[in-house]
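For reference, chains read A, B, C and D in written order, and residue numbers begin at 1 within each chain.
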């Protein structure tokens, strides 16, 4: 049984709705899931999970400062997240507005931690993206992404350090 | 005469030293320069400059949350920075440690603002990078970058809105 | 009067249609424009333009090999494009499918050349993106982008080397 | 036992030397390894491996057109590489010259394929980078990266599709 943290920053509720749907997908695939706003995540708790997925609205093409702060603070545990599974998602107001680069700013941070990041062959490749409120397409992407993360977390949990 | 803001976040002094040298280069090219830590930059002041250059240590592959906060707050003036010149620089502890992606996180934010960003054909292409304390090579890159920014700011200042 | 090259690779015609509309916008802003498939662009001709804009379908998150080949071959003229204006655009089959990273692969190449790249404050920030065939929204983005490029090319043409 | 393909494009021999050292690390960790220039890789063979690692010199901030061509051609097998392990490495002539963005262009392509990509907590985070010929530091990074890839490939090989 793998445990997954889905952290998000959300003012309009769009990114939060995505987080919840990713959580649903991960649960369907057998994981235990915590869905939390980044402001309520204790940085000490990060090491307890098999997978960490972070979501942010697209603010100037990368994650919101609030999400970045959590990652900056996580330097205290640098090395201890290596080999865990990571992922990202984002929501934006525009199609070419920075959704992909926002996810990649999260993915890059997780790679720096030595985490393992999956892509998605069919759908939103780097992680789910929403334009404004998540519609059916986005929710489907989110549910599928939760399953991808959960399966990978289960497989990687057995990896020798 | 163009005016340039060089903002930085620095704990060790490495990014600050780079900021000062970029400032020197820009002054040599005829610009009026303010070099300031991001914590002391009033977001209202951003619209007063012809060019804005931001530097950050490489924290998990993108700009520090402190720098990101300034950019997130700048949304109040979205549209008013369009056509101004922008640039970025960063310092890291490692060669493959995220210096380039840190600069690009800054560059992408400035492009979202509609700013104009120059590359550098000979040297650090996306903006100056330092591994630990800036050495002679880095300072030369910084001085040159300051000149590139200043020349471009002067040219673009005459651009019709 | 500035001269602008708009190069594209297109199999379905979507990226070509975007190229033509960017060309239209640039002409409206007073530029002389050549719109050409990358296979027909002589690498020697790149130095003749004030601005170079390249478009590609999104193939695995970056520009098509055919577009990359032109850029790789342009190394013969490295340094001679510095200070010129550059830009990118792309078309994809999916919303989160790599459009932004495709444009950024082009933008990064042009920054390595020392070129000057504008963002867009209102609209597709890094350059125009289309999901499948360009619709009204996309064509408007393209026309506007052509104008942004043309104005910047005119301003930068007067920049002292 | 996992099987790993390490593909590279190399004119000076620098990227080739990196490929061979990554191969050595992967073999030490128990994998069967093929190290091949991309020109000699049959696109049909990609589906046979548990992991695919691609290396390129940094040409204008992303992978060489020769490497990109292999990835573009791999669209015939889109979906069949999902869940496999992927990685990238690069060599450049300059510190701030595009090494990181070159690796990320590879990593993004592998994520689009739905592959699983590991970062490195201590060392070159996105994959090994060399400035000119690989020195002791680089070779150590490469050997370690080969081990990271091999361990992950073994863990992921058991993942249910």
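Everything that follows uses one rule, which is that a residue touches a chain if its C-beta (ideal position, glycine included) is under 8 Å from a C-beta of that chain, and two chains touch if they have at least 3 such contacts.
This one's a predicted model, so the numbers in the text were calculated from it and none came from an experiment.
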| item | value |
| --- | --- |
| Which of B-C and B-D has more C-beta contact pairs | B-C |
| Chain at maximum distance from chain A, centres defined as averaged CA atoms | C |
| Separation of chain C from chain D, taking each centre as the mean of its C-alpha atoms, in whole Å | 29 |
| Cα-centroid distance, chain B relative to chain D, in whole angstrom | 32 |
| Rounded Å distance, chain B centre to chain C centre (Cα mean) | 24 |
| Where chain A touches two or more other chains at once, by residue number | 61, 97-98, 101, 104, 108, 111-113, 125-126 |
| Residues of chain B that touch chain A when the two form their complex | 59-66, 68-69, 71-72, 74-75, 97-98, 101, 105, 108-109, 111-113 |
| Interface residues, chain B side, partner chain C - complex | 78-79, 81-83, 104, 107-108, 110-122, 125-126, 151-152, 154-156, 158-160 |
| Touching residues on chain D, where the partner in the complex is chain B | 61, 94-101, 103-104, 123-129, 131, 137, 141 |
